[in-house]
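Okay, so chain A shows up in both of these, paired with chain B first and chain C after.
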Partner chain A sequence: MDRLLEILSDLHPEIDFEECTTLIDDGILDSFDIVSLISEINEEYDVVISAEYIVPENFNSAEALYALIEKLEEE
Partner chain B sequence: MQNHVLDYLDDIVKKCPDKLAFANEKEGLTFKEVYEQTRSIGTYLHKQGIYKEPVIVFMNKHPKTITAFFGVIEGGCFYVPIDEQMPVARINLILDNVKPRLMICDEKTVKRAAEFETQAKAVLYEDIAHLQADDEALREIRDKAIDTDPIYIVFTSGSTGVPKGVAACHRSVLDYIEQLCDVLKFNENTVFGNQTPLYFDACLKELYPTLKFGATTYLIPKGLFMMPLKLVEFLNEKKINTVCWVVSALTMISSLNTFEKVVPQYLHTIAFGSEVFPIKQFNLWKTTLPEADFVNLYGPTEGTGMCCYYRAERLFEEGESIPIGRPFKNTEILLLDENNRLADTGELCIRGTSVTLGYYNNPEKTKEAYVQNPLNTAYPEIIYRTGDIATRNEAGELLFVSRKDYQIKHMGHRIELGEIEANVNALTGIKTCACVYSKTDEKIVLYYVGDKDKATLIKDLRDKLPRYMLPNDMECLDAMLYTPNGKIDRKALLARYEEMKQTC
Partner chain C sequence: MLFTSYRFLAFLLVLFVLYYVIPKKTQWMLLLVASYVFYAFAGWEYFIFMGITTLSTYGAGLLIDRNHSRQKAYLAEHKAELSKEEKKAYKEKQKNKRFAIMVVCLVLNFGILAVLKYTNFMIANINGVLEMTGSDKVLAFQDLILPLGISFYTFQSMGYLIDIHRGKYGAQKNVLKFALFVSFFPQLIQGPISRYDDLEKGLFGQHAFDWHTVSFGLQRILWGYFKKLVIADRMLIGVNAIIGDTESFTGFYVFLGMLFYALQLYADFTGGIDITIGIAQVLGIKMQENFNRPYFSKGIKEYWRRWHISLGAWFTDYLFYPISVCKPMLKVSKWSRKLLGEQVGKRVPVYAASIAVWFVTGIWHGAAWNFIVWGLGNCFFIMLSQECEPLYEKFHNRFAVKEKMWFKAFQIGRTFLLMSSLRMLDCYRDVPMTFRMFGSMFTDWNIGEVLSTGIWNLGLGLHDYIVLLIGIVILLTVSLVGRRGSVRDKIASKPMWVSMAVFGGMFIAVILFGAYGMGYDASQFIYNQF
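Let's look at the complex of A and B:
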């Protein structure tokens, strides 16, 4: 989780990712961020987030995103 | 001869008044509604005595925003679109340049408009779009229209920190639309899926051909460009068959393996541009939709949108780049060397009707880029110097080589790194800074010296710059890197970034 928070705050140092749960709904992450995130998560955790998982629910908070990574790691 | 862009609308409303013209995911306007609301707004401007002057359109992306543009033209004025997400500081710079008397808003933007430093009166679209048209006044305005009168000003990044407003007239837009429609074979069955913002010239590709043919344009919700599966499902649901998108919107779909799950069913024309298309991603698109036409478009805002095209009819090898091709009919491309002579490789300069009027209220900047054709000393003839270096291949097709300056293309946006630097340097606590662009990572990287943490810096910068201009990565340095002759060493900064990337 710490590593994910690091990746996220590299993208947006001004956001408190432990608290924020509206990353997509409030437009904090844009499509550029999503694409960079997916590639960095792929490098860091060796999981591929495919198109069907790219929905607001999975990207609105660091927690939700981490849950997705854990789920994909198990598969 | 047609000399007015709204002649398209007057003709089409007779042919298919009840057809859907512009729509979003929820609602839309028919040609008849567009026509009536356009004339209502034109009438309102006339009654206010607003004529031959800029009118701000400050609205969220919506079919009504497009009708507001047309309404401004109907009134004999030119529209200046402003993005609702743009920081107030930047909007104030634009308002100071344009000095408008009227601003058309929607219910959401009208509140923000109150914060602006301007004398302009803010009116609600809904209050001016349903009036009885004054046919006689509108006919008189139309009769007096000249095709070299401006119809819009759109603002583009300026290297000194102040955005530049490019003004374009009926004639150059008509020329562009006619050539573009020929090249991309639009017709009455075209269903556009618009991606580009309405505050740039890029949306001309959908707006005016929709009027010309009685086609339909869907404004795709911005949020879908983060959700590839839903985006393709939207294309299929609306039976969208034509897209003119920036490359990054297309690669977002292909790079996330969306095609394994869903494929665009109706799409037969894909125009792209503004950036280099990564070959792997292009080939993915091309193999997924082998029957579709793929066309690379090239052109600066100053050349009224696009001025060159290339039909990408084959797969490409890694390391190849997709040419920018040949100029549209009625446009000539000159490649000029440092001595202003024709060269095999040189600065790409545009000659023809498509050259826009210049930068609004900015004669100095206009003089630098809109220049007398150096090959013609016999009579006045303006060409536009793009600052792009290009070359020709054996087939005579143009290829983009590089930029002469620090202008970059990032996520389809044209950005002067100098504009970012000027705004960073103006922040308290900053001693000096420099921006570089990593093409491999597609990231704007900021290096700065000063007493300021990254989070505060980015927060402060948000009040000055649009989001797409914010640095994607930054580092605080103890001292700036300089070349032996005292200039900021951008090559060394970029090397530092690439090295850092490899080690982490």
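Let's look at the complex of A and C:
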């Protein structure tokens, strides 16, 4: 989780990713950010987040995103 | 049957009455019949293509959905006896089957769209190449029909199919209900491109007559006609005059034409969408908004989140993401990071997918190089603004102007002018001509001539300019008031006479100042052509 928070903070240092739960709803992460993020996650965790998983529920918070990574790692 | 015809108004009146007197459980059937009647007025031969899209997508959706269910049942049944690897292999096999079904259906439907829409464009390009190589061979253009709304219903249907493949929701089992989703007449000719899960409840639900909903729907329809007939179709005369004579109308005329077209397109397209959403609202069906005051955007990325929202969202979900995060692209990303460094390499997937998306967005709007250049031009400025972000940040750290009103106005003006300049590619006959006319704005200094005598040579009289000016003020006021909630709610909260005065006045304005008769062409919405 710490590494994910670091990746997110690199994208938007001004956001408190531990607290924020509206990253998509409030337009903090745009489509460019999401693609960069998925690419970083692929490097770091060796999981592929395919397009079908790009929905607000999975990207609205660092916690939800980390849960998705864990789920994909298990698969 | 045009939205702006009396026949269409009569058709709506009959539909609205019947809709609320028949048994509620049959309302969706009436909508299907109405949609097919509407489509039949466009041409019987078009049904072949809509039929193929409806049946192929319906069938493919069912097959994929059944495969999803079978997989779930099989895994549940054999949960204990299968190893993790066996489960993974089984899932992979089923996934490939579903993918194959989806691809066949996508190729068929986008293939139809491509052949009908782009064959003659390809022939024109091949002929151009043949001419350049000195060959005397010329390929003959094909006499192909372009079914009404094909770009919209194909995209909507394919969005449904991809969602089923992704397991977002189950397939519609009733072929007639699915046919209604594909053909729902208000959105057929210019969108919005709806998602099945957004529309399902409204389309197939049972709707009791509710005066509040119906009256709000009628108000929205009236507002749409006001924008279309009073503003857009009047502005069209000036636009046609300026772009129709590229010898005489250069310099400041071009700038004026650019502003006229920006206003015409906005009033035309948003007016059409108001009519669409208003009709749906009268029927008790809530549709997605397609605009969010786009001309108040402070940047190009923001503009594209607020203009033609449903098309942008379609391309993002079904093209941009699948390209930019697919396995081969992730490999390219890894490779490019190693080769080009972290900063450049990580941009590769985003920019490669952006170029593809904007190329397709351009060609979706029309089979011409103008539209392709327009699409790629948008892409270029989006990338440029992305690259300039660190600079912007430095600027804002140095100067505290971000929240100042004048700076926001500057950003809005800059974005409006940039988007309007790019949109000139819609207007002129080819790309070189567009650039020539754009350049003339900076070389032909004829502002004095245009403002003193020139504006009277554009087919618009004093009364037209006054109507347009009042129309623009009303548009602007509604946009500004709408920032803090629904304008119709605000009007409804006032005494009854206020509503009656506003909408009665608007009705009279449409009747008296709508652009009808000789010299006016209320024949088409601009987006019908796409």
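Quick note on the criterion: the second predicted complex is superposed on the first by the 75 of 75 C-alpha atoms of A that agree within 3 Å, B and C clash if a C-alpha of one lies under 4 Å from a C-alpha of the other, contacts with A are read in each partner's own complex, and residues count from 1 in each chain.
Assume contacts are C-beta pairs under 8 Å (C-beta built on N, C-alpha and C of every residue); 3 or more make two chains touch, one makes a residue touch a chain.
Given the structure is predicted, the values throughout are model-derived calculations rather than measurements.
Colleague: With the two structures laid over each other on chain A, which partner does A:56 touch: chain B (first), chain C (second), both, or neither?
Modeller: first
Colleague: In the superposed arrangement, does A:13 touch chain B (first), chain C (second), both or neither?
Modeller: first
Colleague: I'd like to know which partner A:46 touches here: chain B for first, chain C for second, both or neither.
Modeller: neither
Colleague: Which holds for A:38: it touches chain B only (first), chain C only (second), both, or neither?
Modeller: A:38 contacts both chain B and chain C.
Colleague: After the superposition on A, what does A:24 contact: first (chain B), second (chain C), both or neither?
Modeller: first
Colleague: Looking at the overlay, what does A:2 touch: chain B (first), chain C (second), both, or neither?
Modeller: neither
Colleague: Overlap the chain B and chain C contact sets on chain A and report the shared residues.
Modeller: Of chain A, residues 30-32, 34-36, 38, 48-52, 54 contact chain B in one complex and chain C in the other.
Colleague: With touch defined as at the start, can you tell me which chain C residues reach chain A in the complex?
Modeller: 88, 166-168, 301, 305, 316-318, 320-322, 324-327, 330, 333-334, 337, 346, 349-350, 353, 386
Colleague: If you look only at chain A, which of its residues touch chain B in the complex?
Modeller: 10-14, 24, 29-32, 34-36, 38, 48-52, 54-56, 59
Colleague: What does chain B use to touch chain A in their complex?
Modeller: Counting only chain B, the residues touching chain A are 223, 225-230, 248-249, 252-253, 255-258, 260-261, 411, 442-443, 453-456, 458-459, 462, 467-468, 472-473.
Colleague: Residues of chain A touching chain C in their complex?
Modeller: Residues 27, 30-32, 34-36, 38-40, 42-43, 48-52, 54, 75 of chain A touch chain C in their complex.
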